[in-house]
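One structure is given below, encoded as structure tokens.
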Amino acid sequence: MKFGVIGFKGRMGSLILDVFSKDNHEPVLLIDKDEIIENDSPEVIIDFSTPDALKNTINLCEKYQSKLVIGTTALREEHFRLLENLSKKVAIVQSYNYSIGINIILDILEKVNKILENWDCEIIETHHSKKKDKPSGTAILIKNTLNRDVEVHSLRLGGIPGDHSVFFSNEGELIEITHRAISRKVFAIGALKAAKFILNKQNGLFTFKDIIKEELQ
Amino acid sequence: MKFGVIGFKGRMGSLILDVFSKDNHEPVLLIDKDEIIENDSPEVIIDFSTPDALKNTINLCEKYQSKLVIGTTALREEHFRLLENLSKKVAIVQSYNYSIGINIILDILEKVNKILENWDCEIIETHHSKKKDKPSGTAILIKNTLNRDVEVHSLRLGGIPGDHSVFFSNEGELIEITHRAISRKVFAIGALKAAKFILNKQNGLFTFKDIIKEELQ
Amino acid sequence: MKFGVIGFKGRMGSLILDVFSKDNHEPVLLIDKDEIIENDSPEVIIDFSTPDALKNTINLCEKYQSKLVIGTTALREEHFRLLENLSKKVAIVQSYNYSIGINIILDILEKVNKILENWDCEIIETHHSKKKDKPSGTAILIKNTLNRDVEVHSLRLGGIPGDHSVFFSNEGELIEITHRAISRKVFAIGALKAAKFILNKQNGLFTFKDIIKEELQ
Amino acid sequence: MKFGVIGFKGRMGSLILDVFSKDNHEPVLLIDKDEIIENDSPEVIIDFSTPDALKNTINLCEKYQSKLVIGTTALREEHFRLLENLSKKVAIVQSYNYSIGINIILDILEKVNKILENWDCEIIETHHSKKKDKPSGTAILIKNTLNRDVEVHSLRLGGIPGDHSVFFSNEGELIEITHRAISRKVFAIGALKAAKFILNKQNGLFTFKDIIKEELQ
């Protein structure tokens, strides 16, 4: 496929460029703060950059009728409204976490949350010290899935790609469910899976969970 | 209820005696290697002792028509055959682990095992240094649930009541599901739950999972 | 020895009463909110209750010329001043944590802190949901040992007796040092060790670390 | 410096080539099974390949009078004898683990091992599923430092760069000391540090620990 990357010089952007290129896809639109490379019309645009970039990304999607895979975290309500509008015209995958493991864990939590409703519950997330948002988008996803008032502890440590743990405990026992991203590459691989998924969708706003579910059927 | 405890002087036996008594049940049959206290006919006999004791326990169940809650680990095929025979006459709960948390985890593993079939998988179990069997009965339960060739690592450390971890990993991510028993009391509480469960069953061989399932409905 | 326990009906108080009695020491002064048992003059008074109780405890120490082992957490400056005054007359051991393991870890942290000064550092402490103070006294001990601006994350989960973890990380690696109290009994055993330690001291304010150091020589 | 890499196409070899080149050093000798690039005489040769390659590596060191940084694991006694012989002529750094964190942990273990001699102790090491040797060289280093009969559990999981944990426990508490390599790059960075260290040494057999010690002074 012909693809575009927003923030292609950043950590995630360059990984995405790398993973897509190695899978024989063609980068035709590369954008960063100080550089724009526009060679052709992309079928899909991948944006794992910052909320500030979103408006321009949406303009590009409309200009080229490109589908969108968006992994930017710390989005606000106004951003979700923009995405919903765009999704009437092109297909979008939006997720705070593009790893298969996290999405399996979200599925588990949905199922066990009710049985464990009387157990205490807390969340810990650990990321590299350069991550700006707190808590992580994934921790927010987990909290929303649990749908109760649960405390999130955010650690910022060295070069950790991303750990998330959920703890449930009563007087006599403790359950811990933990996910560790071994390298940030796992999110680029998930973005590629998402790009392939929406290639044959017309429009609509999808999540990474929809992809996992389609795969499980 | 009137209850009996096999191995009532041991670690688990004395906890069971304690937990049942505090819930206002009456110990009427207390047996250990060097002492037998037989005051009345027990409705339920609880045995968390050793495989060697099983034959005598079964004789007592037949003599008194008592139901049986058995938590002994390291049972062999011959023991299961004895239990199956007995279960035609009285109701039995047999489980290698009487904690709610472990049984929830077994349920989770059953569900995610298929999606994760291509991920590497290993198990770690840690128990106090006085535990004789290796691997733990619970680790065997977990392995059987996963139904694949997975390595179990057994650590024997100080006074740890019982930790179990299952790891799944591929090139890019790791999922860890861990259970920690905070005190051995949790198993005595589970045994009490099991005893109440079979009080109104005529016969049959049940597991702790059946109890969890009934509770979830 | 003849000993006294302040808050002898509480979780820690009753454990202390139990551990000291089993080691053949004689409880001669037992105090709780609604009950006072005063049989004889105690050689040592053990107080693991609340800061509010301290003033009365000090009066008792003065009245009986008793030594003091104090494990109460969340003490304020005023309390430390009271203890210092008392320590001119009788020997005192004051510590926020009476476990050997924690004190070994404090010793390790003192040694490695300098080499790791450019690594990120954070602390997690987890305790049972009934613990009132946040962060734990032990986490404060750890933070003071590290002597830098480090974040402490406090989790309150079910019946956890007490976990403490210190994380150091740079871009390429992570060091984790964790302590787990397996049961609260470990602190009662430490209190007994402390009581024996000050029996032959005239006066002065000691910490549990002084005891570990004496033992290591 | 002018450097050589043995196994430059492998995982570690290509990382070493990358890290040294980015630090402005010049690769002049690159060797793998099916390719030999020999442009100039290297000041240092870096070998993180397999024990089988060692003999040829030693020949190259003798031919070029190159210093040697060797990180190959699973070396046998015969290999150490070869290294000792070579070290009379050129300076060598040999270590099973080139991370700063692991070497700090080895230092800690040396110090606390005696106090904890009556505590149970076990080791867990986890590496990616392609690692061939079991237990890891680092686990062997740890075991040798502890100098007692301690069990090592080896897990092989997905893409884990390398985790090592040491557990000490008695009846009442547990100490865990864990190291996690966040990416394999950390070992290449350590190799670069080692190469700089021996540049101005004439001969002798050094370990990575000697480097840490020199740095601490």
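Letters A, B, C and D name the chains as they come in the text, with residue numbers starting at 1 for each one.
Basically, a contact is a pair of C-beta atoms (placed from the backbone, for glycine too) under 8 Å apart; a residue touches a chain by one contact, two chains touch by 3 or more.
Note that the structure is a prediction, hence the values are computed from the model and not measured.
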Required steps from chain A to chain C (each step between touching chains, minimum): 1
Higher-contact pair (C-beta pairs counted), B-C versus A-B: A-B
Centre-to-centre distance between chain D and chain B (centres being mean Cα positions), rounded to whole Å: 45
Whole-Å separation of chain centres (CA-atom averages), chain B against chain C: 36
Inter-centroid spacing, chain B versus chain A (mean Cα positions, whole Å): 41
Per-residue multi-chain contacts in chain B, two or more chains: 158-160, 169, 171-174, 182-183
Chain C residues within the chain D interface of the complex: 99-102, 104-105, 107-108, 111-112, 115-116, 168-169, 171-183, 185-186, 189, 216
Of chain B, residues touching chain D in the complex: 119-120, 122, 124, 126, 128-129, 151, 153, 155-160, 167, 169-174
Contact footprint of chain C on chain B as seen in their complex: 158-161, 182-183
